[in-house]
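Please find one structure pasted underneath; my questions will follow.
Every chain is named by a letter (A, B, C and D) in the order it is written, and numbering of its residues begins at 1.
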Amino acid sequence: MKRNSWQEYQKEIADDDYYYVRSCIRQNFFPGSEKAFLDILRNDVGKNIIEEPMHTSCTGIGYHSDIVPMETIMTVVARQFALMTEAGFENFTSSCITSFGIYTEMLETWHEFPETEERTREYLYKATGREFNKPKNLAHTSDVMFKHRGAIAAKMKHPLVNVFTGRPLRVVEHIGCHYAKIFPKKGVGGSEFPYVLAGMIESWGGEVVDYPERRHCCGFGFRNYLVQANRGFSVANSHKKLESMKPYKPDFIVTNCPGCSMFLDKWQYTIAEMEGDTYGQDGRGIPVLTYEEMAGLVLGYDPWALGMQMHQVDVEPLLDKMGIAYDPAAKYLGPNGKFIGQPDPAAVNMNCTPTPILRTL
Amino acid sequence: MENIGTEILHYYDHFVVPFTVGVIVLFTVVIYKYVRWFVKLPGADKHLVRKGLFTRSTLGACVEVVSESLLHRKIFKVNPKLGYMHMSLAFGWFLLIAVGWVEASMHLTGIVPLHAHVFYKFFADPNADYGVSGQVLANVMDLLLLFVLSGVSLAWFKRMRSRAMGMKRATKHTAGDRIALFALWFIFPVRLLAESATSGLKGMESFLTGNIGHWMVSVFGVYNIEQFSGVMWWTYSVLLAVFFVSMPFSRYMHIFTEIPLIFLRRYRLRSTERHKTYDHFQIEACSRCGICIDPCQLQADAGITNVQSVYFLRDRRYHKLSGAVAENCFMCGRCETKCPVGIELNTLRLNSRTKMFDVPADGRYAYVRGMDTSKGEGKVGFFAGCMTLLNPKTLRAMEAIFKAAGEDVWWADKDGGVCCGRPLKLAGEVSAAAKMMEFNKSLFEKHNITTLVTSCPICLRVFREEYDLKGIEILHHSQYILRLMEQGRLSMEESDGRLFTYHDPCELGRGSGIYDEPRAVINAVGRLAEVSQNREEAFCCGSGLANISIDDRGQNKISAALADRFAETGAEEVVTACPLCKKAIARNTPLPVADIAEIVSARLGGRQQA
Amino acid sequence: MTKKVIIIGGGPAGMQTAASLLDLGIKPVIIEKSDRIGGKLNDWHQLFPTFTPAHEVLAKLKGSMKDARVITGTAVESIGKDGVSLSDGSTMEADAVVVASGFNLFRAELKEELGYTIYDNVYTTVDIEHMLNDGKVAMKDGRTPQRIAFLHCVGSRDEKVNQRHCSKVCCVTGVKQAMELKAMFPQSEVYNFYMDIRMFGPGYEEMYRRAQEEFNIHFVRGRISEASETIDRRVQIKAEDTLIGRPLKMTVDMLILIVGMTAGESNRRFAETKGVELQPSGFVAPADSFTLNTCSGVPNIFYAGTVTAPKNLGESINEGVAAAQQVARYLNRR
Amino acid sequence: MDFGFSINRPRAVDLDKNDLSVSRKALMEMPEWQACIGCGGCTATCTAGNLTQFNFRKVHTLVRRGDYQGAYEEMNKCMLCGKCRLVCPRGINTRGVVMMIKRLLSEY
C-alpha cells in the first residue's frame, strides 16, 4: 500500500484539555464506548477532559432530515461553544461524526458568511443570555485517539495480532462520511485515504485492508434509513461493502461513526435473514468495533465492560484470536450482576452457542 | 414369357445395366418428389389446377414447354450464345432420343427394350439393309449428335472463359453439380467414340460416326477397336447412369421440373409470403445458369458474391440457407426480370425471411391503438410515409400542388404516423407488419377517403397489394400529379426546356409497373434525357429497405456507381419519385436531385398559389 | 556583423527554430536544461495518426539543425532585454530570444482518487510510451492484461486541479495507444472513458473510427471518478455511462490515465520580464493569437511551440519555422 | 421474516458480472455498430420513438454493455421503417442492429 498521500492531509489536533460532547445515538448503541474514551484519555493517557452535563444534541440528525432549520442548529452549536467557553476550555472534541461535520460546517459557514455568525450570537444571547468563543481547536474524538495512539501503544497489552499465527490482524477501517467527505482538509488523510483509524491500527500492530469499496458509505444516510421504504437502499450499501471486503477475510471492522458501527453490524443480521448471505470466518459475521472498543481491548479492558455484548455479531472469535480472556457467563450480566436479556440465535451468529445457564434464567 | 425373355436378352449386354439402373433411380426420385409436392399443395392451389386443366392454359403451357424447355427462347433473348448452348443440349438431346426412338422402332425387331433404343448402334444388325430411310436416319442422327457436341464444346469453353460467352461471372457450383456436369461433358464425346467404333467394326455408313469409325479401324486395326468399343460403350452407359442418378439431386433437376412449373404457372399458381410446396417446383426449376448474377449490383458494385438468387435458391434447396444470405438482397427485381425460367425470386426470398424471422406479434405495437395524428377533412388522403418526412422539400411541394389544384386533403401522417408495414414485411416479420396494416387501414376507413396518394413507392406497393382498400383508389403522387395536369387543375408555367434525367425507383417501376406517368410529368415541365439502362432494366439506388444486412460502405458503392450514368445524359437535374432514392442519389451525384413533386411545384403558374 | 539568437529549449519547436534560422543564415544557440536535445519526443514511441516511429521524426529534426550550437544541462533562469541569465550563474547576451521551453506533463498523482502511484496497475500514457519503447507492456507483476481502461482528460478541463484548458492532443494519444495495445493483445478488451472525443487533426477522426470498427475498442462516455484496488491487484473503476444514464463499474487489469499538458514550470519565471504575459492557464500569451502567434510583447522575444498553448507535433514544428521568420525580420529591420 | 423492505439491486452496469458473450458475438458480426458516437439522431427521428418511450440509442448501448434485460421487448417496438439508418452520421446499419438484437436476445 503506497498510500503516502495521507501525509498531505494533516490537521492540527490539540494535545490536552478537551471539552467533550457526546453523541445522541451511540449511548444507546454502544454505551461502553464513550465511557471507555473518557477512561482511556484520563487514566491511560493522562489528559484533562471535561464532560459538561448541560450540553445537548447538536440536532444534526434533525438538520439532515430537513426538520431543523439552519438558524436553529447554528444557535444550538453556539450554545455548546458557550458552555465550552464558560468552562474555560478552548479545544472542542465531539464523539459523533455527524456532530463533527455539523460543527465544522457551522464554523466554515461563519467564516465564509460572517453575518450568519453575528446573527447567531444575537439569537443565542436573546435566548439564553450566553456568549461564546469559537473553539481554538476542533477535533473528532477519533482524531484525539489518533493523536495519542503512540501513548496507547506504549501501554499495549493485546496488540492487534493473531495469537495463533503471530500475524497482524486484518482490519477493515471505515470512516463516517461526514468526517472528511464534506471538508477533506479537516480529516487526517483527507477523504480518499483517511488515516485516522488506519494510523491507530498500524500503531497497534494490525494490518489495514484496502478493498475496492473502502470509501463507500455504509448506507445510513439519515432519510435512507429513517423512512422504512428507503431501507432497501440503505442495506444495499452495506451489502455492497461487505461483498467487496469479503475476499480479504478481515478479522474485524472498525469505524469512527455511530451510524456506521450500528449499520455495518446490524445489517449483517438483516442480510443473513433476507438472503442467507453471511460473512466472516465460518459465516459467523465480521465483528464491528468502535475505535474506543478497539483501544480498550488493546489496553486490556474487559470486553463486557466495554459493552461488546451489545453487538449483533458476536465478538468472541475475535477475542480468542487476540488472546483476550473473558467470562462467557458474564456476557449478558450488567455491572450490577443482573441479567440484561439475550438475543435469540440468528443466522448471522448461529454457530455461537448461547450459554446454557443463561438461557434458563 | 420365355419368348419375351429371350427377345429382351437378344438386345442385352452387361454394359446396359448401369444405364438401366440410372433410369430407374431417376424416374423414381423425380416422380416421388412431384407427387409429394403436388399432394401437399394447399387446397386453393389444387382447385386452380383443376379449374385450368381443360382450358387454353394447358395448350399454352405445351407451347411454352417447347419454346422454353427445349428451345430456350428467353435465354436466347438475353444472351444468344448461351441460348444456343442450352438449345443444342436440350433440344438436340431431345431430338436424339426422339429420332433414335424412331430409328430403333423401325429397324429393330421384336420387343425392343428401352436401352436398345439408346444404344441402337450397338444392337443394330450390320447385315440388314434399311434402305434410303435407314441412310437418312443414320445421317440425321449424326447431324443431331454434332449439334449436341457443338453445345458441349461451348459449355467447355464457357467454363474456361465465361466472359467470352457474354457473362461476366459464371455460377460457382456444388460437388453434386460438378459430378453431373462432368458426366454431361463426356456423355456425348464418348457416345461419338462408341458409335464410331461400332460403325467402323460393323461397316455402317454415315457421314460422322461412319467415317470416323472406318478411319479408326483402318488406323488402329480391328482388334484394338474391338477392345476400345467395349470400353466406350461401358463408359457411355456409366456416364449416363452417373448423370441420371445425380440429376434429381443436382441442378439438372431443372430439366424436368421446368415442365410441371410451366403448367402450374399457367394455372395461376403463385408463391406467397409464406412457404408452400409450390415453391419447390420453382426452386428446383432453377438451372443455376447464373444469368441472375450479372444484373446484381451487390455483385457488380459492392463485391458481395455469395447472395445472388442462384446461390440463394441453391442454399435454400439444400437447407443451408443462412440469415445473412436471405437478408442481403435489395429485392430490386433486376434478376427476376432476367430469369429465363421466370422464377419468383423476390417472393421466394421473402418467404424464406418469413420462415426465419416471423414470430407471433400478439401484443406488439399496442401503443398505436386508438392513435390518430391525422389532419384535415378531405376525401383525398395523403400518406407521406416515414421517409418522405425526412424530405421536407417533397412534402412542401405536395402541399403547394394540393393547394394549387384546390384539393381538400386529409393528411394521414404529417406529424409522424405509423409505418405502412412493408419494411417489417420485407424483413420477414409479416405478423408484425399485419399490425401496422390493420392500424393504417382502419385509419383510412375511419376518415372515409376515396383516394389515397402517397409519395413513397414502398408504401404504395403495400397499399396496393396487401391493404385491400375497397372503394379507395391508390395512387402514387406521380400518377396523381399527372392526373391533375391532364384535368387542367394545375396551371403551369411554360416548359422552360430544362433537361432532366429520371431514375426509376425499383418499387415504383419493376415493383408497381409505373414507368410512364413520371416521364409524362417530366416532359410536361421540361425535357427528359434517359439513362442508358432504364425502366425494367433500371438500377437500384442501393438504399432499398429490403436489404437488412448490407453495410453503409456497400450501399455507398452502389449509389456511387450510378453517378456517372446520370452525368452521361448531359442532364441538368436528376429527378426521381422515391424519398429513399432521392437521398441515395444525392449522396454521390453532383447534379441537383429532386423529387418529381418538387419540379412541378417549382413551375406552378401564378406563384401566388405556391 | 553576426547576430546572436538564443533558443530556450531543445525540443521539436526549438530544434525547428534552429534549423530555420540556419536556413536564413543565422547561427543560433540552443540552451537545453536536460542533458540531451529532442525534448519529450525522446520518450514517445509512435506518432498519431500515422504510427510513424518518433525516432524517425527526431532524426530528421536533428539532421536539419546539426550546425547549431547546443548547450545542454543548463537552464535559463530569466530573460532580460539583452540576453538571458543561466542556471550556472552566468549570463549570455543575445539580439533575440526564442522561448521554446515547451510544456509539462500533468502530474497524475494529483488526481488522487484515480490511484496513480498508489495502486500497482494504474499507469499514465507516458508510462505506456516508455513500455512500448522498451518493447514490453505488462501489468506490474508481468501478467498480460486482459482488460484495459483508458481515461481521457486527466489533468485537462478539470477545475479541481486548476486545469481549465483542453490539452488537445490527449484524445488522439489515448486512441492511438488503445489501438497499439489492442494490436499487441488481440484477446484483450479495451475501454476508453471520455467526456468528449476531440479529434481535431487531419486523419484523427478516421483513426478514431478505425479504433471503433476495426479494433473493437469500447468507448464509454463518462468520466471515471473513482478507482480502487482489488485483492488481486487489479483496478476497480466506477463511472457513469452517461449515454444510458446508469452507473457503470468494472475491474480492469490496467488503468491508463491519459495525462494532459500543463504550462511549463519556467513560464512563471519568464513572466517576470515585462512584456511576457501569462494566460490564466499558465501558458504564455502570444502578442495576438491570429497574426502574431510567435511574438511576445517584447520586440526581441519570440515564442515557438507549446510554451503558448497545447499543440500537436506538426503545429509546434511549424511554429519553429514561423518564429525563425519573425526573428529574421526583426534582426533585418534593426 | 418480513422486514417491510428488501435489498435494492445495484443500478450500476457491472461489466464484471454481465454476460458479455452475446454482445461480443454481435459486435463481431457487425463491427460498424461499435462506431456509434451516441449522437441520438436515430432516436430523434424514430417513428416508434415518436409514439412511445422507445429509445433505440439507449437500448443498443445497453446491449453493447451486456445489459440485455428487456432489450428484445424494446426492439419489438421498432417498426423497421429505416429512418434512423438514413440519418446515422456513422453509417450504421441500424435496422440490422435491431434485427440482430432480436435474433440474439429473444430469450432474455
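Things to note:
One rule holds for everything that comes next: contacts are C-beta pairs under 8 Å (C-beta built on N, C-alpha and C of every residue); 3 or more make two chains touch, one makes a residue touch a chain.
Please read these numbers as outputs of a predicted model, since none were measured by experiment.
In this assembly, A is the chain whose CA centroid lies farthest from the centroid of chain D. Each chain gets a centre from its C-alpha atoms; the one nearest the centre of all protein C-alpha atoms is D. Compared on C-beta pairs in contact, C-D and A-D come out with C-D as the pair having more. Averaging Cα coordinates per chain places chain B and chain D 38 Å apart. Centroids of chain A and chain D (each the mean of its C-alpha atoms) stand 46 Å apart. We define each chain's centre as the mean of its Cα atoms; on that basis chain A and chain C are separated by 47 Å.
Shared interface positions of chain C, defined as residues touching 2 or more other chains, are 251.
Across the assembly, chain B contributes no residue that touches 2 or more other chains.
Among the residues of chain D, those in touch with two or more other chains are 10, 32. Counting only pairs that meet the touch rule, the chains in contact are A-C, A-D, B-D, C-D.
Within the complex, the chain C residues that touch chain D are 197, 209, 212-214, 216-219, 221, 238, 241, 243-251.
Only residues 10-16, 27-28, 31-32, 34-35, 37-38, 57-58, 61-62, 64-65, 67, 90 of chain D touch chain C when the two sit together in their complex. Chain A meets chain D in the complex at residues 228-233, 235-236, 239-240, 270-271, 273-275.
Within the complex formed with chain A, the chain C residues making contact are 109, 112-113, 117-119, 226, 228-231, 236, 251.
If you check the complex, the residues on chain A that touch chain C are 1-3, 5, 190, 192-193, 210-215, 247-248.
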